[in-house]
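Input: structures, listed below.
Each of the two complexes below includes subunit A, the first together with subunit B, the second together with subunit C.
Right, the complex of A and B next:
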């Protein structure tokens, strides 16, 4: 999740400031003259991209066809890892658990963020309040997870203290199989909702004011305005937000690693944690790599489908 | 995707170094400071003792200096593995019984036999069995024992007094898997619900318990070191077909499954907290908060339990079991040498010193663990006594031979990967104890 922060920002940037085609110098000339400078500026990013993404991805794919324990040489086993994964109940469990986590996050985060963005747009104009919404996002994931781990502790957590004071039974937020994933999804939502709201808020500001004025003159109700104007025009940003949330939450790892570590039983053994367990705890890097390749394919498919479905790369404003 | 970047980080780092060659960075040379050894351990409480050992060793061997580094348990193993791959692991490091079989297989450890023979090191100075823990399947010795631990009962003296249970009684409990014996009766009597009713009184409300008779660490995974191994150990059951280096596990044995069923039953009766409530705060802290009357825990937690100011703490041996005897798992750490060390002779010398009475007496004097050397163990017990803690319940099983060795087997992390969720499910009341047979099949399939 931490690695996506930069890419999120980058994506947000392209989505929000998609430059309309600008007429200037002849196309061929501009292109030609900028090429060398462009390459010069791209080089640092390219170097990072190749060393940190391309090379590891290729090597990871290679390792997924081997048996490898980090110490010693990888041994080619063909598709054996993939065949084993297909029959591994814990892999299918991991998919289901990760799916539950992603679904809760996607729905909750988008809806809450939209509400917050509308409030920011219409009501809370103070920069202080708008800024405060972003505070949880400035906290490291692990810190957020540990903070809530203590607040929600069954025995000594303050939340359970209040719950009991209200006359309700204590809740094992992290210990019960039913609660483990929803709890962690809520923590993630708490941390990211401010940031997501900010993205949507920026999208709201990009909608021309005249359209609302016209709607007002035509006597549209606030709900009609929201449904017929705001949401359709906000669609590219909503698409971005949903994709970013989905991809970010499929990669859930740190919260699980510092709290439940896959348990109770297998209730929070999400895909990323299972990869970590196989590779780093059980020294089965071949199997872990094969799982990682599968995760990669899933992420690619999810991103592709969502872009296609939500037409996230087009805007109705043009 | 994160994991894939791990291997490449080194590559990238190397590339960056090459780019910034003008800054003069060339990596540190391993040959500088001739005779400097690196020694790693994970327990911060033991660091001062081992620093002292390193200093004393340097005084006796001025040519060799030892740099002691401590890292937390999780960091320790990750950094160590990276060190093996990158070629800069410490010359000597503290090792754990679940970890070292894998390291022998991947040839990361240096056999000590020749060096020990040359210096005619006496292995009989150690407590029974401890030295055997560090002999590999190939018959070679890879480490010297440094300390050991057992389990015993910690109890809240005020609570036992209120319940009318004498110290004599709690030190002479007995257990069986059918009705739990006097052990279960005591646990039941020490359990108190919100209305003040005890667990063995009519009208006891098991859903609203204020004080549990027995605290719960967790389900214990496939080892049950502090959870149930002190019970299964009295039934004649063993984790594996032979120990060390067993290749067949026995989680399908009715003796084991009955014990687990009895253990899980305590939760059902309301005498022990639900498994789901144990995620988070430590068992010892909950004990200190007065929410449990008895805890079974390891000797490495003595410092923690005796550190609680408001608790009048008692320590008692675990109950006698089916065979009429007590049983405690005996676990021990050892010091091993990395096969990639550039100074094997100096490293062997230091390991021998760490395993000698001279160093272990220093460790004993700090009263944090029990050293492996017999005479040093006694000194440690005396050091605990001087602090006002009677540790006999932990040391007696070793003297009486009422211990069994921590099960050492290849593929331990994979076995645990299967058994932890399986035992969790039983203790959580989700699956019957018979479901462990299925886990056992999976475990044994690993060895085929």
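Right, the complex of A and C next:
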């Protein structure tokens, strides 16, 4: 089914693009049945693609309709897993908690990164500064998590010493239900904000300088320039950054797994950690697979929104 | 700051903004951001060189509290259980040399494999003409959208069925054959590469295989190096998949080892200096790569291909 659709699309494509103005170099044409050598070149990638993407996608979807404890054979149960998920308070909790995490990241990261990018664009373009801001992004999630686990420790963490020095009460960053998710989100923001700022900075660099010169000559204030020129022209990049942040942070797992383990109580039991627990701790592979399918669908919707978003903004700088 | 109103030299005017207060404030904020990015790493170093028992009483001292290399000895399994426990460790055996070796193996093998096979595929997508090429390419691209966990569960089953759980092969296999991003990136580069040399070689009767190895790969050395760097760092930081398939002591990578080390910490008073020493050991190779190739990494960030 997929094959025919694919080959039809391909044939239409070849028909459209076949004569590519290379009439003077006939050998490209003579060779245009490169299928055999092409198969040789893509064989390893194709093997990986089929074995570790296509087949698992099908198998994962199938497993979501079964009950399977990793022993024996999966047993077909129809939509029972999905029905159970709809009534599972822990699933709805995971969804809400993950949503909170994603939201904090999207807002905080974008605002901070935008500010940083504007500052860099204005005064500091050096590679050294950009490098320093990128450093946290190159570290593993696990490293970022443990580093902050220490800095934010309730008893002897340096941050709580500062908080106390300011005359405020200590904060149980990982130990209180109210703070568990914001803390995870802050760690992720710390790790990603430099990277996001560099993406926005690259977008700023692409805005033609003449536009600013004209605005300057017309006596526009910096705030007016920002609101009327920079932000509208940067909008496609901002949109992309927001969506990339959303897609990345929906899949949070590492920091939760090494610090709070879903707790206290269920405060940080995010979706992917819940899936992991269902499939591997409780050996309920069918249920875990159904949860994974749901996560996939959520991501697909986000990706779809992303495409809509970006296409709508494509013409801004042209 | 001169040149306030020079309509004849608008460029200079833009670069040399006259408002020094504003500029000073901007710089202050940037320095603050740089400090927030970098200083936590100093705190890791400082803590790893401290003695656990002295940390609480010197919580805000900028220098190591009671300087001591014991934490590193503990992390590399060079302390006896009694010594380790006396210094606030859990006493459980841990050997980060092993994890370091596993991380190096895992990240290098997957980087080399994925890049080589991705380059081959990118060549087929950029230089060869065959039915279904664009459709297959779109399918490959679509895999970038698939969340890791969706394929990770069935892939775990596959590796389990193959009897490869807790083997190096099982650990690297899913990453070995392709990276959708690398294929996309290299195809783009190949498409922009001049074909003249290849065409001349083709006229001389060279086969695609020779062209690929002797012309295309050498010419793509620079983007391949950048890509290798980024892939290696990504693989080095991978946690979820190694946690699933390689959670036995002799095959743990650093990220998984760190998690285990943290979980072993005696409740009440965690082994902070040991944990930070372990964190530093795990971060160090990336820090070194960053010092050596930082410029390359920084310049690779951007949406050049997308706008």
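We take it that the second predicted complex is superposed on the first by the 257 of 318 C-alpha atoms of A that agree within 3 Å, B and C clash if a C-alpha of one lies under 4 Å from a C-alpha of the other, contacts with A are read in each partner's own complex, and residues count from 1 in each chain.
We adopt the following convention: a contact is a pair of C-beta atoms (placed from the backbone, for glycine too) under 8 Å apart; a residue touches a chain by one contact, two chains touch by 3 or more.
Just so you know, these numbers come straight off a predicted model, no measurement behind them.
Peer 1: Which holds for A:236: it touches subunit B only (first), subunit C only (second), both, or neither?
Peer 2: Only subunit C; A:236 stays clear of subunit B.
Peer 1: According to the stated criteria, A:209 is in contact with first (subunit B), second (subunit C), both, or neither; which is it?
Peer 2: second
Peer 1: Check whether A:260 is in contact with subunit B, with subunit C, with both or with neither, and answer first, second, both or neither.
Peer 2: Touch partner of A:260: subunit B, not subunit C.
Peer 1: Check whether A:130 is in contact with subunit B, with subunit C, with both or with neither, and answer first, second, both or neither.
Peer 2: In the superposed model, A:130 contacts subunit C only, not subunit B.
Peer 1: By the touch definition at the top of the document, which applies to A:195: first (subunit B), second (subunit C), both, or neither?
Peer 2: Second partner only, subunit C.
Peer 1: Kindly classify A:104 by the partners it touches after superposition: subunit B alone (first), subunit C alone (second), both, or neither?
Peer 2: It touches nothing on subunit B or subunit C.
Peer 1: Could you say whether A:295 touches subunit B, subunit C, both of them, or neither, answering first, second, both or neither?
Peer 2: both
Peer 1: Looking only at subunit A, is it subunit B or subunit C that touches more of its residues?
Peer 2: Per-residue touch count on subunit A favours C.
Peer 1: Let me test your reading of the model: by the given contact rule, A:277 touches which partner, first (subunit B), second (subunit C), both or neither?
Peer 2: After superposition on chain A, A:277 lies in contact with subunit B alone.
Peer 1: Could you tell me if A:59 is touching subunit B, subunit C, both of them or neither one (first, second, both, neither)?
Peer 2: both
Peer 1: Quick check on the output: what are the common subunit A residues between the subunit B footprint and the subunit C footprint?
Peer 2: Overlap of subunit B and subunit C footprints on subunit A: residues 47, 51-52, 55-57, 59-60, 70, 149-150, 153, 155-157, 251, 253, 272, 275-276, 279-280, 288-289, 292, 295-296.
Peer 1: In the complex, go through subunit A and note every residue touching subunit C.
Peer 2: 6-7, 9-11, 13-14, 25, 27-28, 31-35, 37-39, 41-42, 44-49, 51-53, 55-57, 59-60, 63, 70, 115-116, 119-120, 122-124, 127, 129-136, 138-143, 146-151, 153, 155-158, 161, 190, 193-195, 198-199, 202-203, 206, 209, 212-213, 216-217, 236-237, 240, 250-251, 253-254, 257-258, 272, 275-276, 279-280, 285, 288-289, 292-293, 295-296, 299-300, 303, 317
Peer 1: Where on subunit B is subunit A touching in the complex?
Peer 2: Its residues touching subunit A are 1-5, 7-8, 11-12, 15, 78, 81, 84-85, 102-103, 106-108, 274-281, 285-286, 289, 291, 413-414, 417, 420-421, 424-425, 428, 430.
Peer 1: Which residues, counting only subunit A, touch subunit B once they are in their complex?
Peer 2: My answer: residues 3, 47, 51-52, 55-57, 59-60, 69-72, 149-150, 153-157, 170, 172, 174-177, 251, 253, 259-260, 262-266, 269, 272, 275-277, 279-284, 288-289, 292, 295-296.
Peer 1: Inside the complex, what are the residues of subunit C that reach subunit A?
Peer 2: Result: residues 7, 10-11, 13-14, 17, 23, 26-27, 29-30, 33-34, 36-38, 40-41, 43-44, 47, 55-56, 59-60, 117-118, 120-121, 123-125, 128-136, 139-140, 143, 145-151, 153-155, 157-158, 160, 173-174, 176-178, 183, 199, 202-203, 208, 212, 233, 236-240, 243-244, 254-255, 258-259, 262, 272, 275-276, 279, 282-283, 286, 290, 294-295, 297-299, 301-304, 306-307 of subunit C touch subunit A.
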